[in-house]
């Protein structure tokens, strides 16, 4: 059994944002006997998805601080900067962090660790709404 | 329904290369009612797969420039350099960028964003032909 | 057909460790006609999974050396350091390397390259036992 939904996340400011609840709300209502995989994909090249700590907001701030240092907008060697200094740096962040995550589903629910949450990583200063495709591959185990 | 194919990509020079058409040609001919996931895996530890911008060639050049600065071949602390200065650096790039990508399939086609393309990231100076395994997990939705 | 198992890896010291045999032992006994995908997920935010070279132990040492330089514990700008200088750095390594890997299964076996192995990347000084969920999506091809 495969279930697939395309959703649009509201625009968020540049930085790392917890979106676990928005994703899991798309994956509710499965029968408790269903297990398998959930795949979450972002249809953009300047925003990413990752999994990380879901409790302390300073983790998300430290992430933004670190990745801005790792891929500095002040670098003079980038050619692809037509849309601004956050253009090429966003593409690089996207390839380092990734366009999708996948997570086990067990007994009808996302089977992630106690401290794990799903992050939207918005790399652009004005990224706008972001389209996500959620696909679940399920079976009665 | 699962479909799986192993293909060999022709040798490419070091750098980032768009291979979307070569991959999608392996995923054509599905019934339009099929949806699910496509998984693309590279069977090597010195070349990677990623998704990024598909239009401006300078993005691929900037990627190569950036990752060469991030993991410098001039570093003296690497021990695994028997095959040259591009040996250990290629392994590190591979773990940062990843060995596989996965993408939703919707109505028989890859459901990626307008600006998204699939990149082969060739990290070696002389990497040779690269083996890829494409797996599609599909269902009538 | 979906098969899913949750396993606990014994505590390992900080660094990069080959765990291919422990994972494949969970994926044995499939009928030789089965093909599909294996998904391996770690339920933690301070340890990662990646695929890399399976032969030379210096690759794993170079990985540890490199990632310690890339995300230095001496950085003074991290706020999330309550559990020590290896706290926030471990979260960043986790998002760069990733929480899961996925690999094709062909004819009942993991279809990875000759030189590919599965790594547990333990980022904490005292990480403890780590929980892994292995999910296989299979079909007779």
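Letters A, B and C name the chains as they come in the text, with residue numbers starting at 1 for each one.
Quick note on the criterion: a residue touches a chain if its C-beta (ideal position, glycine included) is under 8 Å from a C-beta of that chain, and two chains touch if they have at least 3 such contacts.
None of these values were measured; they are calculated from a predicted model.
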Topology of the chain contact graph, where touching chains are joined (line, ring, star, complete, other): complete
Copies chain B and chain C touch via same or different residues, half shared test: different
Magnitude of the superposing rotation for chain A and chain C (Cα, nearest 5°): 120
Intercentroid distance (Cα basis), chain C paired with chain B, Å: 19
Chain B residues counted as touching two or more neighbouring chains: 70, 96, 98, 102, 137
List of chain C residues in touch with chain A within their complex: 1-4, 6, 39, 41, 43-45, 70-71, 75, 77-80, 88, 91-92, 94-96, 98-100, 102, 131, 133, 135, 137
List of chain B residues in touch with chain A within their complex: 35-37, 50-53, 56, 58-59, 61-63, 65-66, 69-70, 96-98, 101-104, 106, 111-113, 115-116, 119, 137-139, 141
